[in-house]
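Please read through the structure below; I'll follow up with questions.
Chain IDs A, B, C and D follow the sequence of writing; residue 1 opens each chain.
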């Protein structure tokens, strides 16, 4: 379950998912998604450990001239072993994506629930602020931020997290809005349960469905986003071995030496498809679960 | 009533645009490095630097610069490109065209395709077509745009078939659309990125609507199925889908950057990346604002569509 | 991907007549040459005296001509001048102009034009890029129609070198960029900044039979990919400076010829000798010893370059050939570091930017090599603008790029406390003395001796790590003839398209 | 097996359904072979509680099966049956019949009318698809005609309206007009009056009745409301769990029920007169099913149900014994003074004054929009936007619940209308019921659990429910749990807002029973808010009639019901369907 659980683990707010996850895993496409995700996850996590002895080279040493087919998958633009770099290049991508997603979720959920619950001016204010952030496309935002602050890891995480937040906030808000009309919220109001407690104990458990779906979705996007930034040369910096960066460095020679591009592209594709399959089945699961609740 | 709603929307949009402009301006202020230096390069003598700084009124206080700039926005004068010294508008005009052509093509293809495919897989729920459609869209929806792009390139222009150009290379000064074959891959990429969302949304809403009371009623009235779909169901599904389409179009405004970069497409996306590297502050500002404006306008339109297609709102007075 | 389009055309043999033999024999007159060059942008200009981008240079070289110029072997040759001769003190230089040379508008070049040209370049209000090297120039006297006398404030034995800058094209007194009149082999016919410029043959050109071409088109390209594709799809006939890593691939195309020129251009690492850790000469030596120059050339230039010995100006007659080639010596490097107080290595940040093909790559390779010596390099990649921004010339450990120059001019621009780009903050009294003496030494032999002694000092304690001289590789269609290797580091035989001709009709 | 008192050969039947069986896609049979016949000009009522399969049966007559259901088996013949078995007709022919020969009036017009089509157009569409009328002009004539028939305005302006511009009653009449537009021979009405207030209901029923009579249309009237049946139906078929357990002429079924289920059902129906002893019966559906339904209908176990034991008299029927008068002088438990509340210029509550004594139960009667819920929420402190004062035991309460003391909060408890929304689906019953205790400072988990258990026992749920989640409970059980939450803190006033309106009659009966017991045993006061006047005698000693935010009638239940002062109350009483 690594993705989901790992991701869930990062997200303190998702309280009691087991039933949901159980329903999710019942679907074949969830199983497929799990397999795909796990495969890439394994590659990414174990890769760094495997590199030297599996390929005989570290990800930075030189094995020949650039863009030759020395080694299993040839060499890259600096004559380094493509396969070694590939094995070494997934970890950061995934970690950064996960962190960014977690950040976005925490901020977004907090903001969204507050907005929906307090309503009125606060709500309006927060949501307008949201719209402002949303009016700058994520990439433009990232471009600006990264050129201002430089392409350090934390900048990536924060930028992506921040750009996710308003989108997550929207979802959270509407989910919350749907829940707070329910009488059990009014009931706890009646018993003067503190507002924060209402949000945490009454509202949150009832929006985990949409939230986890959003979580999966954002995770998928984050992966693509981190990779895309590296691909634009604004993400990971050389000589780091990173899938996005590999694509950026090797694409000029796609004809001569396609592996430098195709391996990472394939990995990213499989990973995102995997996570998205999981997310999708999660969505279905939570959907028919809510049906269950409504009787 | 409705007029009020619309004007309210408009005002809100304007405010947002204003705040965004502030954001962009501040952000570009923070860009490290001296634009003047950036333009003149390392051979520049202090005298020339100073002269240029003066000419770009980099020496004015910040707020003055902001207002000269914002004022320019309204007079359609986006300032002078630091890099070229020429007016930004002139610099961007044909790039904007190029981007619009690309996005327009993509939209033209993906919207109808999305709606039709979505509707069909909803009607053919659970059948082969539906499974195929949902499967494909799910996969496509999960792929980052540049992955799709590179995939296509590898497939159609380098590794498997070698039938399509992988980069746009209009001889300088010529419009991109004089070389349609070069537009194919970028367009397809955009379409493949955008369509899945439309399909999925259309399918979802159609399924909902087809289960709704009034569709059942229409059937029980003996209305022929195709009329039920075309007259009762589809119109209802369109409103929410319009939202998604708007979001997708808006997304294109930003997402096109990566794709243009990938295909060397001479649009605003690439211009933005270049400008950021050249510290061409004016251009960065202009493009960011442009994209933001486009985004806001599209969303506004979606809202308006929503308002106008909703009889409840349209006839507020009557009731 | 870059070559996608190209290979496609190769694959399904495009409709063009693929010429597989380079044309031989007498040059054919006529035809258009379309040249693609990367770089340049909306800031391009036809100003003869402040070329910035490569495309600017290419245009300037073909529109205008300076008094002297550097030929393909980097030798100083007369161009609009017949000779430039110093007096005994090297304070006064007399230049005899080539008679009968005509501007594009038909007027004859006179001494007055030369004077006004130099006035324009050194105009204190708006000094042009050539001005830096002319700081010694006091005034320009018109002796007669065809003789000019340059009076200098300090004796300069190599003033002729300054006169040989391509950015010193001679223009008429009443010159105006709007009407770019020069004496070059081509006349400007249209110019679209950042896009392309079209030049036509200057029929009144003073060289016999040249130029061969009717028309010269210079196209800007935003990047290598596009440029390569343009060449391979025969949208251009020749392109300047291709990525060395792809040299072999491109060469493999039967329709394409490669022009692979050795140069004296250099891509150094710059260590600020007045800042820790580099204020300790042993650290500088340690760093120099940590470099595996052969591997640098292999990885960064795919082998297309020549090993350097931490010295610039390899083509200078005074170049210190006698010095032993420095090679990687990790042990020595380590011990030096230990002596300098870094027994267990040190961490250092290397600022790099894509300022030139191979720069960022070189940084990565260095980082990898230096590990062995316990030098832990953190690469900080910035973009070109930031690199040349406020901190330029004050980075502790960075890189730079220089075209081929001879020793003294190079020193003037980068290795004197007074020079505009002294990036290593090099200020060595002994070195300084030698250089000043050499600058005024009119006797060539003596001067060369001084120069090589100065280079010994540079070799001992200099702040540059100069690992190699990258080749300049250009590619062109087989049907293009007349282009020859050129050491100046300028692409496509120094942009001397007067020599070029089209073998067969396309 | 099907009991059928009519022999359909005598009259030419309009529709004849025999042994209709319907399965879910999963293969579970939910309709076990029902048969019935519809006669022209007569209306057959198909009665049953939720889940009894009555709607499925109704739609089966039109050859329509909702999602999740497989095509039914059996035969449905129209008129002389030359059309053949509807259940086997090809789609095209079926379409020809629907809306033309046999038409349908949906349960909720708000959902069944296309919100983005003008009503005129929606009716015309029916005519057009069935080629009724040669030209649109003719059709427009028919539309105006039929609109008039159902008693709506029929001017073009009206026809150009959208559904949302009509009231519920008007929407429903549009639905009926649509159904009658093509002059069908059979019409299926699916709970057409649920959700309408009694007055409108009466109008709609009358419309249906006379139209059916005038055009000799055979009607199948699906409903859960036996009172309505009495009003409109000529015959009744009672359904339970997919079977018709009893079928006969209306009077016979209502007054001489054969089947035990019918009896219990009847017994559960509250009547205005209060003669019937509602609540002695066990709840039937959902909770403890009487008999386990076999595939072949229900064995008619006519076991004697405990009949009225006159020993236990209803409070209210004997004012003397109620604390009402004894406590007359003591300060009232609750007193409202000039309670008003308005949103903008719209006055929701307009100067409410009343008092409630200890141990007394008051019914707050009003139709939707009368402000009754707002009023009850003001009392509970859920709505603090009111002016005027609410006093509990003589001392004025703060407006909002948060600003009230926890003691005040404990004293007044509120039970919400919908048990499906008032319990957090993600928390166990014990957790939910425990909240009030927690908030009134009982932190000892064990103690809390004990109290919760007590409360659950009071509402007859008991330990086994403690750790279940609402999802696993039936509506009635949920409502009991909700009540338990209100009781757990031993309140002195219980505010019940429409708490039975979402429940089946039998369940409602059991809840009423429960409330009454609580009231009598714990001498607890109650504010019982409802729109159903028929409940009055079964629950309350006092009755306040609320209209447009004003109390228009007030007094002991008997007084008000026997001689209503206000015209509105009189109208209500006149329109309330009843069978005696």
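Simple rule for what comes next: a contact is a pair of C-beta atoms (placed from the backbone, for glycine too) under 8 Å apart; a residue touches a chain by one contact, two chains touch by 3 or more.
Keep in mind that what you see is a predicted model, and the values were worked out from it rather than measured.
Peer 1: Note the shortest touch-path length, in steps, from subunit A to subunit B.
Peer 2: 1
Peer 1: Where are there more C-beta contacts: A-D or B-C?
Peer 2: B-C
Peer 1: Based only on mean CA positions, could you tell me how far subunit A sits from subunit C in angstrom?
Peer 2: Chain centres of subunit A and subunit C, defined by C-alpha means, are spaced 47 Å apart.
Peer 1: With chain centres taken as the means of their Cα atoms, state the distance from subunit C to subunit D in Å.
Peer 2: Taking the average C-alpha coordinate of subunit C and of subunit D, the gap between them is 92 Å.
Peer 1: CA centre of subunit B versus CA centre of subunit C: separation in Å?
Peer 2: That pair's centroid distance is 43 Å.
Peer 1: On subunit C, where are the residues touching two or more other chains?
Peer 2: Those would be 1-4, 7, 225, 383.
Peer 1: Give me the residues of subunit D that touch two or more other chains.
Peer 2: None at all.
Peer 1: Which subunit B residues touch at least two other chains?
Peer 2: Only 32, 150, 153-154, 158, 166, 276 qualify.
Peer 1: Which pairs of chains touch each other in this structure?
Peer 2: After working through each pair, the chains in contact turn out to be A-B, A-C, A-D, B-C, B-D.
Peer 1: Looking at the complex, which residues from subunit B come into contact with subunit D?
Peer 2: Against subunit D, subunit B makes touches at 211-214, 216-225, 227, 231-232, 235-236, 309-312, 315, 318-319.
Peer 1: Which residues of subunit C touch subunit B in the complex?
Peer 2: 1-5, 7-8, 11-12, 41-43, 50, 52, 124-127, 129, 131-132, 192-196, 219-220, 222-223, 225-226, 229-230, 233, 235, 383-386, 388-390, 392, 421
Peer 1: Which of the residues in subunit C come into contact with subunit A in the complex?
Peer 2: So the residues of subunit C touching subunit A come out as 1-4, 7, 224-225, 243, 245-246, 249, 295, 298-300, 302-303, 360-361, 363-365, 367-368, 379-383.
Peer 1: For subunit A, which residues count as touching subunit D in their complex?
Peer 2: 16, 182-184, 186-193, 201-202, 205-206, 292-295
Peer 1: Which residues of subunit A touch subunit C in the complex?
Peer 2: 60-62, 65-67, 77-79, 147, 150-151, 237-239, 251-256, 261
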